[in-house]
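I've put the structures underneath this note.
Both complexes below contain chain A, partnered by chain B and then by chain C.
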Partner chain A sequence: MAVLAAPVKRRRRAVRRVPPTLLLFVLVPVAVEGFWVFWPALQGFYLSLTNWDGVSAPTFVGLDNYAEMLSDDIFGTAALDTVIWIVLFGGLSAAGGLGLAMLLNRERKGVGFYRAALFTPVVFSLVATALIWQAIYQPDGVFNNVLGAIGLDSWKHSWLADPDTALYAVLVPALWRQLGYVMVLYLAGLKGIDPALYEAAKLDGATGWQQFRHVTWPQLRSVNSVVLSVIIIDSLRSFDVVWSMTKGGPYHSSELLSTYMYSTAFQSLRLGYASALAVVIFVLAFGVIVTYLVRAFREDQ
Partner chain B sequence: MTTTRPAPPAAPEERVPAKPNHQRARRTFGFHLLAGGLSVLWLLPIVLVITTSVRSFSDIASNGLGALPHSFDLSSFGEAWGVGGGGHAMLNSFIVTIPTVLLSLLLASAAAFALSRFQIPFRRTIILVMLSGNLLPPQILLVPVSKLSELLGIYDTLTALIIVQVGFGLGFYTFVLQGFMRSIPDEIQQAALIDGAGPITIFWRIILPMTRPALAALGALAFTWTFNDLLWSITVLRTETVMPVTPALLGLQGQYVSNWNVIAAGSVIAAVPTVAVFLRFQKHFISGLAIGAIK
Partner chain C sequence: MTTAEGLSRRHFLRNAGIVGLGALGSSSFLAACATSASNGPVKQAAGAVTVQSNLSSPQAKVAIEALAKAFGDKGGATATVNTVASETFRTQLPSYLTSANPPDSFTWYPGSLLSGYAKKGLLLDVGDVWQTMGNYTPAMRSLSGDGAGHQVFVPTSYYFWGFFYRKSNFAKWGVTPPSTWTEFLALCETLKGKGISPIGLGAGGGTQWTASAWFDYLNIRINGAQFHRDLLAGRGRFDDPKVKKIFDPWRQALPYTDPNGTALAFQDATTVLLQGKTGMVLTGTFFADAAPKDALDDLDFFQFPILDPSVPVAEEGPTDGFFASARSPHVAEVKEWFKYVATAEAQELYIKNSSGTVLPANPSAKNNGTPLVVKGKKMLDEAKELTQFFNRDSSDALQPTADAALIRFIQKPNELDSILSDWQTAAAKVWQGQS
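Showing the complex of A and B:
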């Protein structure tokens, strides 16, 4: 018995005594992230309870900042725009990305080129994307010229300067860039589906729609949840494209929570109120993060 | 520019005689019409920015921004690169991006190695906490991070930007790398242990080389993300001369309000490095983006 127990004991001890160098392997990265991410995040929560101009010491005001949001019209606009953004940017890029992936899933002549074409914008920065589209939207730009050429002269206007259209005009380039990315996620998902399932469905006489409804869609469940998390987190973070095209204007018509937070912090220098806005963004993202982590955790086992 | 593997022979389908030939031909034609049309639509803005960048200012001023080009003039590139500060900004971007990518991947792979190959206590919790840091909306960090870098006397320096980028990216890279490293068979490590290799040797000589595909994918992604970043740059930097390419491009827009040829040239210049990385690491880049979906 003793002989048998010995190796087990030794193995357990080896397991417990992790070499000190290895602890450094973990501790250094954790310390870096802790100091530059988690510690600032905690400060962010605290600062949301203060008034602070960034120069004098912050004064504690409790929940005043959150109370102020209730009567802040710009916050209302930004929150509403953010919801519109999540629904349209998220919904259209998910549906469009899936559609493109289905269209370009089968290996056939030319499909590689089509995929690459749709995917190319992913490589550009959102700022470059924004500038490209700003030129397109100019009063004498291509978009208005095309409208004129097809006889829709009355539709011509400066898309980014009109409060009614600014948000949607910014949405288009964001989608132009995001669709290819979502397509890649779905293509990877479609590749993972066992072809035998389709064979079986065809033998049962399933139509194309039935194959999608009963084979493709259920099989894509895990990809869907990844896409959903990515999209919601991306929408809440969306900043670059709006900031470079309109800075949230005109008259805050394309203001998102993220752009409002940034201008409140670094232009109005109301750091306490800006932190409270950031906490609102955090709370919205939190639900998604938790769902995502629970999934990662489950699959980790 | 393509991602196709050689298409597998469509033999099984050809044996099905159910559909008449002309119907299949029509369907193929429809596919190419739809996919080709979409591709053209997608590439059009890129073609447009390139043609705008090679037009002269007077051509744009007299014929309009949306007109067909009547001129060919490369001077806008010189303007954007020199007077507009594009060259200097490009240098700044590389000074930030290269150390950021190397440092993040080194630190993340060290953590991933320890967490995936050894029984570190609470390892799963550590991995998930690290990942959650990367999923935090950056907005909650902006004010404290800018103040923290002021406090440490590195505000408005590229060092601050590098450190912030490394800190913020670590969680995701560690998560992906540990997933990859866990799939490496344990026997390889056991054999090295018996040969008397220490953890550093095993890490550097065995596990890291075997992780190369994942490192290439993450490296390509990290390069693009860091290079294209705007938010962190304008949070910890203020002076124009230290700005990397992306924020400098915004500055260029303010400086050359209606000189669309210079702004377009700046956009083209700003895109060259990431397009180059994409072309070079295309396969890895795409598999990297798909990591989330496969996991």
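Showing the complex of A and C:
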């Protein structure tokens, strides 16, 4: 009995005696997190149930703001554009990043230069990048001039002013910047693959494609998880590049949920509806990430 | 009514709420708000009036700083200018005004936003300043009121809009300014025949709002100023057949409009005009800030052509000036500052330091006397009525609805019916949100 009782007693004492310093380390971050993240988030959710112009007292309207979204064409456009954005921005940057990493993985003369060059755009602020690309897309800008010089005059276009091309024109600088970043992640993954695996595959007479399919791709699984998470988060938070280039226009053709939320809040001063949009973005981001990460972790186990 | 402190804390938390959710959804959004935090209410220097200014173009910034320096040099109260980027200023104005420790005075303009803030008790009554302001016109006085008998605004300058062109280019092309719509279209036809884009437009790259000038002018020329103001104040509908009618003449002008006009900001449209690639641009005198000094002497303008002689002539004469926060801790000093900026001496000093194309609000003050400015003043003096500009007569919140609708019309004029009904829907939401 005594033997059995002793550890229980000791455990109890251990529970009681949580060092105050440790408590401080837990409680202070919780308080900070609570004040700066959870409390504002709850306030934001409350605001989404109100009508508020930012100056007068908000009036409670229940779920009206959410109901309004269902019949709001601009919300529909913004949601669709966000999906297009996630698919294209995400898909192209993952595929492109992997492609570039494979291309630049083998140590050759000057390969360092190309890696650095491709990574350089990551260093620039996206707003600064957007301003430069805005100049490139001007009617008399570099892009149209190049098209003219190679005899493609009929392709010349007001890229950012045309609702059919605006979203894709904005996507290019975003991709231009993201590619290098994804490439670096994949390069790190490729470096971690044991060369012996390739030697064994070669001995077995595997073709290049078979090596990729059965060696490289499975080995990159953990990097893929990181890349996918990064890409989804980056797509949903894309705002700066669109806002600085088109502000979601012309007539909402390049509107993402994030830009629509911003313009509704700070241009139309409909902070209640904007909060409802913010809640939707949050639910989407949270939903996608949690579902994905939970699955990814389960697979890893 | 809660105490100032309580109210401000509540607002702070609500703003923080928006930021918080935004941060979870989009970190860039957080970044946008983080910038605003650094531009929050400025610390009060003892006794100095803080002037929160959105005049961020280089010449205007120099001019208002010179004004504050001259005010300080007089002895008595002093003023410090805190210049904030226009967009930040606009989005932060509600926070400035509801904060417990606000900047004392603000650059702004009269219009619906001003009266909205005044009705909420956020603006300082400056009626006693007006008693010292002498011979300001009754129009300026009524423009500066809150609609309930209080004066809440001090006007310092105003400017005019018109079709601007280069005199040397018109001479080279052998054309003269038109006065009727028929003559205007004929001029466009002539210019087009010479391979020039007749009408320049700077409604792209963040300055889509300049397209509203076309809407304003066509509406006040065809339906009159009162109809226009009622429409913009939410007492009319954008899908009204009378509104639809104003797009007929606009459609006649579209084939002569620079196809790149919706891709260029007004500063770039100015460059294109000065290079002689476009014939003329409907713009306000502020565009001169983007023009090299040596080109200024070559610029001239003509009035927006008359479309219906039976409609009393109205012109856009946007007015700029100052208002003050009702919570300013320096009421006496603010009033001293306002009395100063309302004087002829102060307004002449401002004009001397700025690009010089604005007109002083004080009738005794001299403008810079160039033929262009004299002609502009004459046009406004002769007008039966003055309007401000789309966002000033309506609200900044309604401006994006106009931008979306008008750019779409310029690009797809055949979709007018759906454009106007979409516009009405978007505008109704804005009005509903503000009620």
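Here, the second predicted complex is superposed on the first by the 260 of 301 C-alpha atoms of A that agree within 3 Å, B and C clash if a C-alpha of one lies under 4 Å from a C-alpha of the other, contacts with A are read in each partner's own complex, and residues count from 1 in each chain.
By our rule, a residue touches a chain if its C-beta (ideal position, glycine included) is under 8 Å from a C-beta of that chain, and two chains touch if they have at least 3 such contacts.
Given the structure is predicted, the values throughout are model-derived calculations rather than measurements.
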Determine, under the contact definition given at the top, whether A:Tyr273 touches first (chain B), second (chain C), both, or neither.
second
Based on the superposed arrangement, let me know which partner A:Arg237 touches: chain B (first), chain C (second), both, or neither?
both
Scan A:Pro29 for contacts with chain B and chain C and give back first, second, both or neither.
first
Partner chain(s) touched by A:Gln43 [first = chain B, second = chain C, both, neither]:
both
After lining up the shared chain so the two structures overlap, which partner does A:Asp53 touch, if you call chain B first and chain C second: first, second, both or neither?
second
In the overlay, work out which of chain B or chain C sits against more residues of chain A.
B
Quick check for you: in the superposed arrangement, does A:Asp194 touch first (chain B), second (chain C), both or neither?
neither
On the A-aligned overlay, A:Asp164 touches which partner chain: chain B = first, chain C = second, or both, or neither?
neither
Just checking: does A:Met261 make contact with chain B only, chain C only, both, or neither of them? Give me first, second, both or neither.
both
Does the superposition put A:Asp153 against chain B (first), chain C (second), both, or neither?
neither
Considering each complex separately, which residues of chain A are in contact with chain B in the first and with chain C in the second?
36-37, 39-41, 43-45, 47, 54, 126, 134, 138, 140, 236-237, 239-240, 243, 257-258, 261-262, 265-266, 271, 274-275, 278-279, 281-282, 285
Show me the residue ranges of chain C that touch chain A in the complex, using the header's touch definition.
13-14, 16-29, 31-32, 91, 94-95, 97-98, 116-117, 120, 122, 204-206, 208, 259-260, 262-264, 268, 396-397, 399-401, 403-405, 407-408, 411, 422, 426, 429-430, 432-434
Mind pulling up the chain A residues that touch chain B in the complex?
15-16, 18-19, 21-23, 25-26, 28-30, 32-33, 35-41, 43-45, 47, 54, 100, 103-104, 107-128, 131-136, 138, 140-146, 176, 180-181, 184-189, 192, 222-223, 226-227, 230, 233, 236-237, 239-240, 243-244, 257-258, 261-262, 265-266, 271, 274-275, 277-279, 281-282, 285, 289, 292-293, 296-297, 299-300
Show me the residue ranges of chain A that touch chain C in the complex, using the header's touch definition.
36-37, 39-47, 51-56, 58, 73-74, 126, 134, 138-140, 158, 160-163, 236-240, 243, 247, 249-252, 257-258, 261-263, 265-275, 278-279, 281-282, 284-286
In their shared complex, chain A is touched by residues of chain B numbered 1-5, 7-8, 10, 28, 31-32, 34-36, 38-40, 42-43, 45-46, 48-49, 52, 64-67, 107-108, 110-111, 113-115, 118-120, 124, 126-128, 130-148, 163-164, 166-168, 170-171, 174-175, 198-200, 203, 224, 227-231, 234-235, 245-247, 249-250, 253, 260, 263-264, 266-267, 270-271, 274-275, 278, 286, 289-290, 292-295
